[in-house]
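Labels A, B, C and D are assigned to the chains in the order they are written; within every chain, residues are numbered from 1.
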Amino acid sequence: MDRFVFLAAAGLARGAVLALFALSLVIVWRTARAVNFAQAAMAAAAVYAAFAVTAATGSYWAGLATGLAAGALLGAGAERGLMRRLPAHAPLPGIIVAIGLVMVLQAGLAIAFGPEHRPMHPPFSQRPFLIGGVPVLSPYDLFTLAAAAAVMAALALLFNRTPLGLQLRAAAFAPETARLLGVRVPRMATLGWALSVAAASLAALLLVPTELGLNPHAVDLLFVNAFAVAVIGGLDSPAGALLAGIGTGLLVSLVTGYVSASAAPLAVLALMTLVLLVRPGGLLAPKEARTA
Amino acid sequence: MSALACEGLTVGYGGAPVIDALDLDIAEGAVVALLGANGAGKTTLLRALTGLVPLRTGRIALHGRDLTAESTEDRVRSGLALVPEGRSVVVELTVDENLRLGGLWRHRRKALDAAAEDMYALFPALDRRRRAPGHTLSGGERQMLALARALLARPRVLLLDEPSLGLAPKATAQLLGVLRATAARTGLTVLLAEQNVTGALSVADRGVVLSLGAVAADRPAADLAADPALRHAYLGF
Amino acid sequence: MSTPLRALLLTVLAIGGTFGLDPFRNYQLATAAACFAAVAGLTVLVGLTGQLSLGHAVLMAAGGYGFASAASAVDGPWPVALLAGLVAAAAASGALGLLLGAAAARLRGPYLAGLTLALVIALPAAANTLPLGGDQGVRAPFLPVPEPLAALIAVEQWHAWLAIATAAVAVTPLVMLRNGRAGLRMRAVLDDETASRLSGVDPGPVKAGAFAASAVPAGLGGAALAIATQQVTPGGYGLGFSLLLVVAAVAGGLGSIGGAAIGAVLVTVLPWGLDELAALAPDGLGRRLDGNLAVLLFGAGLIALTTAWPGGAARLLDRLRAARPLRLATPSTTTER
Amino acid sequence: MRTPTSKAAAALAAAALALAACSTPGGDESVPGVTDDTVTIGTHQPLTGPAAAGYSTISAATAAYFAYVNANGGINGREIEYLVKDDAYDPAATQTAVRELVTEEEVFAIVNGLGTPTHSAVLDYLDQQGVPDLFVSSGSLTWNQPDVYDNTFAFNADYVTEGAALAQYAVEQDPGAVVCVLGQDDDYGEGVIEGVETVVGSNEIAEVQTYSVSSEDLTAQLGAMMAAGCEVNVLGTINGFTAMAVGTAAQMEWFPRWYVSSSGADYPTLAGYLGEDLAPVLLQGMVSVNYLPFSPGGEWVSLFEEINAEYNDGAPFTGNTVFGMSVGYLFCEALAAAGDDPTRESLVAAVESGDLVGNGIVPLSYSGDDHAAYRAVGVTVVNEGVQDYVGATYEVSAGRVTAIEPSPVPLENEGIPGE
């Protein structure tokens, strides 16, 4: 039982980061109908920016802000510079350009910074609180959960309760109609990319201090798992990302603890296959699917 | 002064042009019916006017201002609105969201609320379904919503593409009635592309007949409605 | 010229070409032939049915594992072992392809990409969990040069022959399939699923079948690679390699078999060439550039190709061909849509 | 349209036959990779990719040592050319890299190829080609099969030996301790587990946890070990995961004793991961085993530090540096022993002769029927940020662990082997 509580708590913190990264994929899918396969590499580049600023100023928060800004800039730049030039209504070129971007960014980071792992220190203690002798969440875990929850809530508000969010959604669902209503659709796509990569960068910034250290591949596995999460939850559904993120985090933690580490990717694959066989559009797929 | 003027408009998707060196001038406050058989180029002309289809040659001016180089969004923001053919309602959004979307660039928050209430007053059927998602609306409701959404932004020139398509005669009459009344009240300029010749000519001042991408006839509406030869030649009845 | 005849001619040409290469180039040629089979499968799948698979490396691995275990198990003369291995490779990859295809038929683009991506990531875990030899993988039998040829050719050249022949066996039926009625159905599904449904073509089985049909050449490619390298490891079929196959398919021009050949050669030879180039750089810089430079330039090339020149190499060939009346012997069907 | 194609085919076929001579085997009498004044050897190393962080410095150190030897006249008048190919720890890339080294560069031998999965991929190939495959950089038992792979020799003490020695020392220090193992989910972790079991008895390990190299964290594993009441944690982990295990446990306020296999216990590298401030605290008392002369201030280390400063641009001096230079020393010794006109056969014979001494703190065990390098290891402990041998040394053979005396090899002739 103790072990279960411990593993569940660890899975919750992991799940929050997963959910946030998955949400970033949902954002870019909803606003630009694109799956950004370069999300991990772009987030890693943003974390390098944060790392450099923290090293120079000594302030974690300055680094965090820089990382978010760098992520937003990278996202906007990728959309303006590359994605916009691709033919609409065909997903393949976007995916392939993103793969190219992964190669360029990761190789560029490795050339610029070398392959070493650079330790990043969390702003709060990672020493867990003990409840009945069982270590549960640490202050840093709580920070992670709070940051992820706050960003998710803010994004939900932005999308559902503000005129800007309305325009973002309209531009994604029906670009031509939106343009006829005076919505600056290209600007919305840029904004969607910027928001998405910034959210992904935040997830990466939360994750890396708990990992071995910063390196060009530090975010790869998070992306793969988060992509699985987004697909399981339904690419159009922010709530699905949250649900599937927490669920997958728990699953990975429990399987690792009770079975073995190598069984975890198989468990995720199995969960994904199962969900997609029953619901091909993910757990919380919208009722009326749009194909464009 | 002319509200909408185009000169030498040529549009094509490769191959032969769909619109061929077309000149058109619409006076401020006029309601013009754009008529023609299927494939005459009505939809293409409207899409070209709003910038959804690129021009090969020609220029477009709105109240004397050259729009040719502007994007669709900017043309809309200068007062040119298009209610496209078919179901242009964003099905994922609610009626209220769809409606407000039309006026976001135009109004501040308070003014937007007021403008939306005006539209609900104009279309009571929509008022009853404010929170309904777009995909639950009937064809008539969707068309009303699309028109209301366009009017919300107080355009100076409104382009409509087949608003009566698929609607019951009663709904068509109601829609065209609202349109006529609004035009009369606000001085809105309307270009109405229609297959429903009788309905269109009943609300229009002037009728323009397109054939093979060029203007085949341009006369007062009453005149056109009364000319069986012309009707037979270009409009197929 | 009929497809089998043309395939035979090209195979003989390629085998003749091995005489002009030294052993290392022949090894690279064998690798390229193996990749060609997999890329051909992928390019037909993506180009004709629009299903993007990021998991073709796993299908290759399935073929490799199938080949290695069957060929090792058979205790007989080498042609029997080879044949058993190839049959097992086709069966293993085909079965996995059919399974994936069944899932793929229900999934839209990004969902399929996600599933195949998760599959690639799960391969090392599967190798550790299933009896596949873990990270070290399994050995494939070494096929020595047969006696009569031993004095004439080196082992690398012999393996290149086998790999080329395997690739030919893998790709020829694929081309025939693509040019036949099945290809027509696939294109119909890509053009408009609803319309194809109305005209009596059920997209589900077509998509699943296309996936399986694309998996078998990939598996045979894996077998060809196992012949050349005598080893199948999960590390050799990771995400990087899987993406490289996509790069090859795109660089060659989606849907084009000739393009697949160009793409396969490109991804085999170019990284090596770029590393040679990086080795010329000064020491400290060279160490950082080594490997990374190739990846960087590949990525940049991929982006440039997709944004500026979406048809890939096959489109360029078409243009050159259009400029000159001489027709090279490559498949004649259109490569674009 | 058919005619030009067939013509082209005929022309190509003719050209192919004309060229046939250039790819036919045999005919060359000289020894590959050996000229009057050079010996060319090659290796495959992870210079890029995820494994680069831990190991890319080894080949640089080896190259620096060879540069030092070359600057002092080489071995038997020949300079050593060391070709390092990147394989990104990807077995497929290893295949290509090694084939290029053997067929294009025509190297004399492959030296210190790194990694179990990677080097496994070329083991058969090197055997078929008869290329000496010296001093493989991995503790797998695979390399010690003289009957099957008569040219392949290991360099690391094998993982079973290390696991057994660590467990033996743990049991001697505290006979009642609860012993647990955290291992990588491959032959490395399995070897360490097997070694520990030879000492504590099979199925007597209180808790066995594994991780895969792609893992993001070890929270679940360490939580389970903490819950199981582990007191001695034997780690079969690479450096990054050792640091992560120690760091994660400390965050849980758990401070068990750490017994770490040599592949994951390099103090300077671990300090790089944990930070210079935390490392001396967290790693205090960490037990490991080793067989190379890395005692701070020792004569070998002093020499290697000088070489590192002069020929390796003063790169950070770590266990990898000592490892890489020691491999270079051992190769030079073998080359010197292979005679004035070395052949691949004489090189292998020199290693099998049993005359090589290397520079370890325990004897080399190479012979005709044993291709393992070190069958004994010495225990090291970290004290106040300094990792050094404590004297306890164990030999492991046939499942038995026996204490022996260490026998360090003294430095001679400025660290350049001669006849």
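One rule holds for everything that comes next: contacts are C-beta pairs under 8 Å (C-beta built on N, C-alpha and C of every residue); 3 or more make two chains touch, one makes a residue touch a chain.
By chain, with names taken from UniProt: A, C = Branched-chain amino acid ABC transporter permease; B = ATP-binding cassette domain-containing protein; D = ABC transporter substrate-binding protein.
If you're wondering where the values come from, they're calculated on a predicted model, not measured in any experiment.
Both chain A and chain D are touched by C. At the far end from chain B, in terms of centres built from Cα atoms, lies D. By number of C-beta pairs in contact, A-C leads over the other of A-C and A-B.
Chain geometry summary: the mean Cα position of chain A and that of chain C are 32 Å apart. Taking each chain's centre as the mean of its C-alpha atoms, chain B lies 53 Å from chain C. Centre-to-centre separation between chain A and chain B, using Cα means, comes to 43 Å.
As a whole-number value, the distance joining the C-alpha centres of chain B and chain D reads 77 Å.
Contacts with at least two other chains are made by residues 110, 221, 262, 265 of chain A.
Residue positions of chain C touching 2 or more other chains, listed in rising order: 121, 124-125, 128, 292. Contacts between chains, counted with the stated touch criterion, involve the pairs A-B, A-C, A-D, C-D.
The part of chain D that touches chain C in the complex is made up of residues 1-2, 4-5, 9, 12-13, 15-17, 19-20, 22-26, 47-49, 56, 60, 86, 88-92, 95-96, 99-100, 103-104, 116-118, 120-122, 124-125, 128, 142, 185-187, 212, 214, 313. Within the complex, the chain A residues that touch chain D are 2-3, 6-7, 10, 14, 110, 115-117, 119, 121, 125-128, 135, 138, 207, 210-213, 215, 217, 221-222, 253-254, 256-257, 260-262, 265. Residues 1, 9, 12-13, 16-24, 26-28, 31, 121, 124-125, 128, 134-137, 139, 142, 151-157, 225, 228-231, 233, 235-238, 240-241, 272, 275, 284, 287, 290-292, 326-329 of chain C are the ones touching chain D in the complex.
Taken in their complex, chain A has these residues touching chain B: 163, 166-167, 169-170, 173-174, 176-185, 286-288, 290.
Contact residues of chain A toward chain C in the complex are 29, 35, 82, 85-87, 91-93, 95-97, 99-108, 110-111, 114, 220-221, 224, 227-228, 230-231, 235, 262-266, 268-269, 272-273, 276-277, 280-282, 289, 291.
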